[in-house]
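Step one of this worksheet: look at the structure below.
A, B, C and D are the chain letters, set down in written order, and residue numbers restart from 1 in every chain.
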Amino acid sequence: MTSAILKVSCQDRRGIIAAVSGFISDRGGNIITLDEFVERNSNTFFMRVEWDIHNFSIEREHIAAAVDGLAAEGGFGGKWEIFFSDIKPQMAVFVSKYDHCLWDLLLRHQAGELRCDIPVIISNHEDLRPAAEFFGIPYRVVPKTAGNKSQAERREFEILESYRIDFVVMARYMQVLSEDFLSRYQNRVINIHHSFLPAFEGARPYHQAFERGVKIIGATAHFATVNLDKGPIIHQATLPISHQDTVDDLITKGRDIEKRVLSDGVKLYIAHRVFVHGNRTIIL
Amino acid sequence: MTSAILKVSCQDRRGIIAAVSGFISDRGGNIITLDEFVERNSNTFFMRVEWDIHNFSIEREHIAAAVDGLAAEGGFGGKWEIFFSDIKPQMAVFVSKYDHCLWDLLLRHQAGELRCDIPVIISNHEDLRPAAEFFGIPYRVVPKTAGNKSQAERREFEILESYRIDFVVMARYMQVLSEDFLSRYQNRVINIHHSFLPAFEGARPYHQAFERGVKIIGATAHFATVNLDKGPIIHQATLPISHQDTVDDLITKGRDIEKRVLSDGVKLYIAHRVFVHGNRTIIL
Amino acid sequence: MTSAILKVSCQDRRGIIAAVSGFISDRGGNIITLDEFVERNSNTFFMRVEWDIHNFSIEREHIAAAVDGLAAEGGFGGKWEIFFSDIKPQMAVFVSKYDHCLWDLLLRHQAGELRCDIPVIISNHEDLRPAAEFFGIPYRVVPKTAGNKSQAERREFEILESYRIDFVVMARYMQVLSEDFLSRYQNRVINIHHSFLPAFEGARPYHQAFERGVKIIGATAHFATVNLDKGPIIHQATLPISHQDTVDDLITKGRDIEKRVLSDGVKLYIAHRVFVHGNRTIIL
Amino acid sequence: MTSAILKVSCQDRRGIIAAVSGFISDRGGNIITLDEFVERNSNTFFMRVEWDIHNFSIEREHIAAAVDGLAAEGGFGGKWEIFFSDIKPQMAVFVSKYDHCLWDLLLRHQAGELRCDIPVIISNHEDLRPAAEFFGIPYRVVPKTAGNKSQAERREFEILESYRIDFVVMARYMQVLSEDFLSRYQNRVINIHHSFLPAFEGARPYHQAFERGVKIIGATAHFATVNLDKGPIIHQATLPISHQDTVDDLITKGRDIEKRVLSDGVKLYIAHRVFVHGNRTIIL
């Protein structure tokens, strides 16, 4: 079964659901799921609707134009995107030396949990090449130094473009991406931070957590923005710790939750369920 | 704001969402939330849609008839219910001697968490009268013995009818209701069982759990049916235990989860989110 | 069964467990539980040992003196406390207008979960008197204004002393206690903060959480110190939220976790399991 | 640092902790952790004590004999075991075709989380050889048919013995081990069952869970016994599901919890924290 997924966000007004669902069923589409949400403070309407296009009377290449007409008419002009279930998003993974998030993504991908392609892995170090090779994924090393950042990013852009990458996952990648990079891939760079943000922003959050004597640790998947660790949060989780846990124990326990939170965040993104609204996300 | 809530369950077919959402918006209604689900094995469609009726062009007392017409026309004939947000469900609580679930319900009700009325509490014992009186709720004692069951239930029916009760919550009520009772209130009697069903059906589940040496305990809110502890499950949760916990510890810890699971189940029911489908529930 | 509970914290050295357990068994005591922990950074030893004193050859009133001798000899001089299981700690509850934490404490106390006495409830408002009266607990109102703080606290001290209060629980008490108050009751005032500290210190944490767009909320039981929301953390927990939750929803959901975290923290304190070590706690 | 770990289980009597801790400290040992528990129904005492043997006056090869003397004298005759932290348990992994638990074990082992050796992986299928080879671990295939079971097990024994295997982990191994096998490795075969036992014993637990309409799924790590799925439970956990989850979704979500529960159970076993007591476990 191939389905189309339409994401809409616009000023709320009466009749959008009826217009869209009528558009779909009138043309022979059968709605599989429809989720919507109205953010009351800003009166913004969000909808994700997925329908079976098997008997849809509009051919696939004309659906976008038809939705464009509907949008103009139906009053949700401009703010929509359409995806097809058989076109997998192209994901690039950025890594440094920590391997747990990378393995988690690759194994879930191999198990069929992540409906995307992973055409390339980019790293500033050689270390994780064996994992990439095990799965037959190209591994490209772009070293980074204090001095070569913009050059290195130019190299990264070339790689990303050559693989037609749609979005980037920083799987414990230990470099800060530039404003230029992040603006090119706005809301398309997913990072994992190893604390329950906004607690323990910045470096060495497990050390900070230990110092503060908290009884929980956590992880946060968020879109990377120029304001480090302050981007829209996609997913978070925590787990209990105790006084018995050293910083090393926190790092070990944290790996478990980092990788799960990151993979869960990636799954939501791939399923076209994540809407960014100011500094928050709506997950439909 | 007053809203109407329409629950539909029927054989799946194309166009139901469009028909219903069109019906609503064409008549000036603004959809607040729409949730749907198709159960693939039986190809059954479930929908819960809630809309603001402030500017709805059909008067409240005629909405049901209009939906009836729509259902006939739209092909979801018969299997629908309509509710209005300003008409609170009338809930009767059945209790025996354990008070924790009762207190939890009453305190949440007082805090505005449970959007229902609690016109009466029925018990087979005097013990919990003070709690009822604290909140000014009539407390009716209907003693039960091996011999007087059908008489006692007749008395209970009179009470339930006199208060126009919509549904019954067994808040650790230690009597089995008859087939007659349960058929009159089919899918309208919510019970809490103190285990993660189907484990530890029957009596003394914490003792059973201790004997088996499990590392978790749990609670299950379900609709009561004649097959004891086998009714459709509404909500479940668990919590970790250890070898250090005695049966008494399990009972103590269990109270916490029993009351939460029951109140959460009741909230879902009151919000008209629970659909029964065979022996399972769909929660929209 | 009556037991003695000895808490020891001192510089770590070899032989402390042997000295203490030998002291107990040589005099006919049977150890019920023994928990210890060595904090490696500071090389500090912590132990909590509880023993049945039924056949203990030292009379109860002389046990402290005997432990004193043992401590001098055994090298854990001075840093120890002894408690007896049949002498219940005297807990005062401070409240304002929010009632959920108060009800939770009172109902758990009534159910036998909290092994302490609650001889008095102190409030700056009249509102929660009915709950206190339901359980027959004196309710004393000490109003607070910007101008009368030190006078009011003097009044509170009189009340606390007249009831021989051992420790204070701030059950969503909406006033800041003075440095003077907190130094008199150092590490004996337990507060509940409605966030997963150190995130969202200060006022209106649920509003802060909503603004930041987090996907979890939490609560923190900690000892109150002059550095507001920065005292040693006793217990924390979190629960998942979503974009659908308004600030009011967060407040509602938060009540559930606030009361549980506070009651769990109080239970640990009452069981003499909490050691303060710098700004952290050790829970044995 | 090298430490000795002594596990004791015996009839409870006064003075065991004192005798053991005195034995240790008198000979220059420094206790790192001491955990004990008394099971009240059977009056059984359990203790795990770990001490630094750096300055211990008894040489390593004579410690067992010394403990033997102490046990005879101290009244815990016979029921003890001693381990040294620098002698890693030898773990064999049995697998079939599901790879998630195997990967989890191998990656945690590589990350240093599992303090054991994995000298061999045994399977009835070729499928998972690449994973074994990636980590350089011998992979031995012992096919099993209805007819060759005892022969195949004889082959497995030879392999296990040739690698001096201490314990076996069934990482979703799809064959039932014989009574003979299990009696040779009593309480040394850890299995993962993909339900929260005792619910859904036997085959296809996720299908059973779906049919019953539960709102949680779980996993159970337990010692394998001849009574299938009824052995002593080491660890369990659950996670919430909904009506939206198909059987395939349960299988996918279940993988996450199966592998975590199994690895956590293995960690407890490797740390010599698991005591079997009848059909239950004590975890110290």
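In this section, a residue touches a chain if its C-beta (ideal position, glycine included) is under 8 Å from a C-beta of that chain, and two chains touch if they have at least 3 such contacts.
Just so it is clear, the model here is predicted, and its values are computed rather than measured.
Within the list A-B, A-D or A-C, B-C finds its counterpart interface, over half of the contact pairs alike by residue number, in A-D.
In terms of C-beta pairs in contact, the better-connected of the chain pairs C-D and B-D is B-D.
The distance from the centre of chain C to the centre of chain D, with each centre set as the mean of the Cα atoms, comes to 37 Å. Spacing of chain B relative to chain D, judged by their CA centroids, is 42 angstrom.
Of all residues in chain C, those touching 2 or more other chains are 37, listed in ascending order. Contact residues on chain D toward chain B in their complex (touch as defined above): 37, 39-40, 196-200, 212-216, 218, 232-238, 240, 242-244, 246, 278-283. Interface of chain B with chain A (complex): residues 14-15, 17-19, 21-22, 24-26, 28-38.
Chain C meets chain B in the complex at residues 100, 103, 107, 111, 113, 130, 134, 252, 255-256, 260.
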